[in-house]
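In what comes next, chain A is part of two complexes: it sits with chain B in the first one and with chain C in the second one.
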Partner chain A sequence: MKALMVFFGFIVFAAIVAFSQITLSFWHSMGDYAKLPLDQLIEEFNRTNPGIRVRANYQGTYDETVTKMKSALLVGAGPDLAMVNIEHIQIFTQDEALMSLEDLVERDPELFPEDFVDEFWQTIIRDGTPYAIPFNISVLMLYYNRDLFRQAGLDPDRPPQTWDELEEMAHKLTVVDARRGRTVQYGLLWGVDPMFYQFEPLVWQNSGDIFNEDMTRCLLDSEEAIDALKRWASWFDMGLSPRDLTIEEGIQSFLMGRIAMGTVSSAGIRYGLENLPWELGVAMLPGNKEKATTLGGGSLAIMSHVSDEKSEAAWTFVKWMVEEKNTLTWYERTGYIPVKKSALDSIEIQLIWRRFPQLRAPVEAIPYARPRHVHENIIEIRSILFNTVERVRQGVEEPEIAFLLAVNRVNQLLK
Partner chain B sequence: MKKRAVAYLFILPAALVLGIFMFYPLAYSFMISFTQWDLSATRTYVGLSNYRALIVSPDFWNSVLYTVYYVLGVLPVSLVIGLGLALLLRDSSMRGVGFFRTIYFMPVVTSPIAAAMGFSWIFHTQLGYANHLIDSFGGEPVNWLTNYNGIFQLLFDRFGVELPRVLQGPSVALTVIILLGIWQNIGYATVVYLAGLQGIPQTYYEAARIDGANWGKSFRRITLPLLSPTTLFLLVMFTILSFQVFGPVQVMTPQGGPLQTTSVIVFRLYQQAFAFYRFGYASAMAFLAFSMILIITLMQLKYIERRVHYD
Partner chain C sequence: MKRQLFFLALFGFICILSFSAEQIIRFEVKGNEKTRDFVVAQLVGYKPGMALDIEHLYLGKRNLENSGYFEDVYISVVPEGDDYGLVVTVKETSTFYPYFGPMMAIGVGDRNLLGLGIDTYAGIRFLRFDGDIWGFLPRPQLFWGGPVGGMTIPRVLGSPIDLGIRGLLFSEVPWHRDSFFKTLNRLTLSSAYHLEPSALILQFLYESVTLRTDDGESVMIHSEDVGDGFFIGPDRFSNIMVGIGYRFGDSYNYERLRRNLFGDVFLDLGYTWNPYDEYSSFFSRFSTQINYYYRIIAQLFVLSETNIAVTPFGAPPVTQQYFPGQVIWQDLEFNPRHYVEQTFRIGIPLTGTFGLAQTLDMAVFTPKLYLKGILGDSEVLGAAVGIGFHWKTPIGISLEPQVFLRERAPLIQFSLEF
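For the complex of A and B:
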């Protein structure tokens, strides 16, 4: 009898614990190398916050997550909170799917917008209101193979600063098998994929821009943009960059040490350090008239349909994820930049740099990093622009005509 | 009456599953094809404008052309090689026949995604085995997945002849994907042909031999005609399946290939729906593709069936 009482008592107790615990479902887009560090962070949060249980679900790439979230929200399902690419915030706010964080931020005694890196905070504001908290922000960097630099007689501590230097070094790093007249090692891979973010800094570096301020016109028919396109295409014409590799093949060749320099997001630095068979160098992208690089990544957003209780819990989680200590851990394990100024000024970051000097360059690139333009048709627009530069690179279309035609099509989608 | 009720009860499970997972989505997608919808709460009825936009879209007709290349590339080669292998593996008393039948069937049960990734490695321009092999024979390496030139045009290039666009053939990149398709289909064709061969009575061959027919003649006069139902089945199946090719394209050329030359219909459809959120337009595309498959299949049944001998 007594044993039965104890047993029932235990059941009741377990039920109370289970029900008093708030479970949050969290959708994210951190695949391969970033998934483990993220899971570790969330595990740590669950351990230290017994009342809340965050269940993380990988949903594929940022784009795939958008499709899944949109269809889930349509039928009233979907997560309680999600990692949303800063460029996709608009897609959800126009459906009123994201909760405005204005009240939560205002009421909170511990979190201040001024603490965040200004450039990052700006990316999550829509119509003056914050809809997410910057979490995994990265910039496009120049990765280079320090071993190949030494072999070519170049100083691995002096990566290229300008386009001219980039070309000059790429020449030295390109190895041609003279007997067969074949390139066995390429100097540079400045690949552009349908996301188009690798091309944008080239235009900015040449003092041009992709769109006008209010996103009503595409500006790629300008002289600056066309010049940037010609210059980029010339790297393939000169044989410094492989024309005959797909983007995936190019990445494989780069990893295998057959290409000396390449543009890659800072998020992969730590993975590269752990896994590359050669010594990795990371530098700011070389500039031309200006210095510039692309800023991208994700933020943490709470869905508008969740209950007050859940939104409080979700807010606790979001706040925890960007605490100075945690944003630094995340940075050290991936290469995503710490989002708070205090973290950037901390002693801990100095220690991280001592352990992994390559992680320093992306932080120094922040002043030159520009967020990308957003628009409801942006994915299709980027696909058009990608196909355009691709035709020029393959030599089947002239740069001037190509951008003129593309601008016409893009302007129609901007209306 | 009661008997009927029981009969309906037996049909019910299948009808429910098919209804919920096939016919309802089908009808729903047909309805969407007359709207403009980006998965948000509002859906605007736009009549036939999705279809009208498709019919004048050069991108769409290009994707149709690439799909036709794919179907015409995969189909005959798979059938011929499949039949050849079936003839070789026909005699079950031969030693090791089970082993070879298993080997040739293996690609069919291999996950298409895994196979496509394997092929990507083989045809990597700088690091792949294909070019390594060519290189060891002193040939020029080929940029398999980035070459947008049609393969027939490449053959005619040396004579300085410029073929009309439709005859230029699939790009080199698409040809690699066709090779993968053939590799995966051969095993299936072999197995089905083996079953077909098993159904031909030996007495016919004996009679033919007594009448003095040689191997070639009995193959032409007995084997081929009596296999024609099998051939028709494979033809229809492969046409439908090849028309819907998507996985290998997405894995080997996720950007749609060099100058979009591997963007087959379903690839474009996927892109429009799940990358650009144009579900109405994509649904219209699905129904145009469906009509094409339907017409081709009906034509195959109508014109080829005449020449089919059912024993």
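For the complex of A and C:
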């Protein structure tokens, strides 16, 4: 009888604990290696915040998450909070799917917007209102194979600073098997994928821009943009970059040490350090007329449909995720940049650099990092631009014509 | 002239003060419930007025992480006027562990006894295997084999020195196929001076031994009776040994780097005597273990382990002779004066769903291939091939059953990791 009562008591206790907890559904886009550190952070949050339980669900790429969230929100089955790519925030704010965080930020005594890196904070502001909190912010970096640099007689501590140096080094790093007449090692792969973000800095570095400030016109028909496209295409024409490989195949070749330099998000640095069969070097992208790189990644947003109780719990979670210590933990385990100035000024970040020197370059690239343009049709626009540069890469279209045609189509969507 | 010199000296002093490094003048520990503050201060190497030096703090943080007291360590500095305060925030972890000592001693240890930063352990020998069941399974038998205990004090008084002591009072210790030590009492004192990430080691050992064969008769075998290099010793003897060693490389974090060389080198000098028949002898030993970890691609790795041992002069007593390859060959008769043992371990860490793990932290299963070879001065023992299956269980214990194909019969081993 006693045993039965103890068992019954235990069941009641468990039920009370379960029902007194607020459960939050959190959708994110961190697959593969980044999922583990994210899960570890969430596990730690759940452990230290017994009244709240965050359940994380991986939803695929950023674009796939947009599609799924849009469908789910239509039927009222969306998450309570989500990791939203900074360029997708606009898609959800126009539907009023994201909660304005203005009140929460203003009345919170522990969160100071001025402590966030200014460039990052601007990515989550729409019409003067914050709709998310920066969390997984990355920049595009030049990854290079230090072993191949040494083999080519180049100094691995002196990566290219300009396009001219990039070309010069890529020539030295390209190896052709004279007997078979085949290139067995390429010097460079500045690959562009459907997100198109790898191409943007080329235009910026050439003092051009992708869109005008109010996002009503595409500027890729400018001389600066067309020259950038020509220069990029010439790397394939000169045989410095492999023309026949898809971006995925190119990345695989790069990882296997068959390509000496490539552009990759800083978010992959720890993955690279733990998986590459060669010594990784990471540097700021080489510039031309000016230096520039792309700011990418996502932020944490609370859905507008959640109850007050849930929004408070979600806010507690979001704040916790960007605390100085946690943003640094996330940085150390991935390569996503700490979002707070206090973290960038901390002694802990210097201890991280002492252990992983490659993580330093993305932080030094922040002053040159530019946020991506945002628009409600941005996914379709990116697709047009990606297909355009792909046709140029494959040699089926001339740069001038390609960008002129693309600009016409994009401008329709911007209207 | 004197006045000029005075002003010159004063100018120099002011310059030194002006350009002296920023100092840490306050120390604070947060998050510790068990561990005393002074233990954290000792591990991090804090001294009032120390310079704010990244290299020093980095090594201090590594010491804290490697201590086994904490699962998380966070270091921050806060301005204190013109200087700084050092704040170490820790998250403690359980420091108790099962202790597996020499000659199948089993017990329990606490890495952080009473939060004083002292690693203490104790165990007893109570289980042995005698004969077999159905002709192949070892038959377990309970017996009293004596206690073992010891402690290690890391970073004594904030110095880079670790001190250790271990004592054992064993009886019925098998040392040969059909022979026993009747008693084996041993006291070991050790100290390590850290030269991060390397360490200089000094060790002192005293032991006293009585022998008997399985029929209970005492043995009296002197070196001249057994020929070159195989000296058992009189039926009772004492032995003191002083050793100096050097440990190199980062053995704590070797899997975090793509390539890592680590290991140790030891030179021992010893003296054996028997107070009853006035027998005495000097001897020396040299041994080195060289490990090389190399991650081939992704998480696929190879670990090379090389053990080399040489007996430069004298005849060590049986307790200090080399019995290499015991685990694989289980041949206690093979005790050469010199030998080389080489092992290659090739592992592929996999995730729970059997895909190649993206990082080592994600690895749940690690199938391993072992290639082992051994060469001694008296005979070649040959090679063994084995496979292991390393599994990180959800409760924090790793299991690894291993099967070896060797020259005589297959061998099944099992290892646990906490």
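Methods note: the second predicted complex is superposed on the first by the 405 of 415 C-alpha atoms of A that agree within 3 Å, B and C clash if a C-alpha of one lies under 4 Å from a C-alpha of the other, contacts with A are read in each partner's own complex, and residues count from 1 in each chain.
In this text, contacts are C-beta pairs under 8 Å (C-beta built on N, C-alpha and C of every residue); 3 or more make two chains touch, one makes a residue touch a chain.
All values reported here derive from a predicted model rather than from experimental measurement.
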Clash or fit, chain B versus chain C on superposed chain A: fit
Superposition-derived angle with apex at the Cα centre of chain A and sides reaching chain B and chain C, degrees in steps of 10: 100
Which superposed partner A:Asn387 touches (first chain B, second chain C, both, neither): first
Which partner, chain B or chain C, touches more chain A residues: B
Contacts of A:Arg47 with chain B and chain C, given as first, second, both or neither: neither
Touching partner for A:Arg179 - first (chain B), second (chain C), both, neither: neither
Chain B versus chain C as contact partner of A:Lys415, first or second or both or neither: neither
Partner chain in contact with A:Arg355 - chain B first, chain C second, else both or neither: second
Touched partner set for A:Leu36, first chain B, second chain C, both or neither: second
Which of chain B and chain C A:Pro194 touches, first, second, both or neither: first
Distance of closest approach, chain C and chain B, by C-alpha atoms in Å: 13
Contact residues common to both interfaces of chain A (with chain B and with chain C): 256
Footprint of chain A on chain B - complex, ascending: 38-41, 120, 124-127, 141, 143, 145-148, 253-255, 258-260, 271, 274-278
Contacting residues of chain A [partner chain C, same complex]: 32-33, 36, 256, 270-271, 273-277, 279, 324-325, 346-348, 350-351, 354-355
In the complex with chain A, residue positions of chain C that touch it: 52, 54-55, 57-58, 61, 74-77, 89, 258, 295-299, 358-362
Complex interface listing, chain A residues touching chain B: 63-64, 66-67, 70-71, 74, 94-95, 182, 193-194, 242-249, 252-253, 256, 258, 376-377, 379-380, 383, 386-387, 390-391, 394, 396
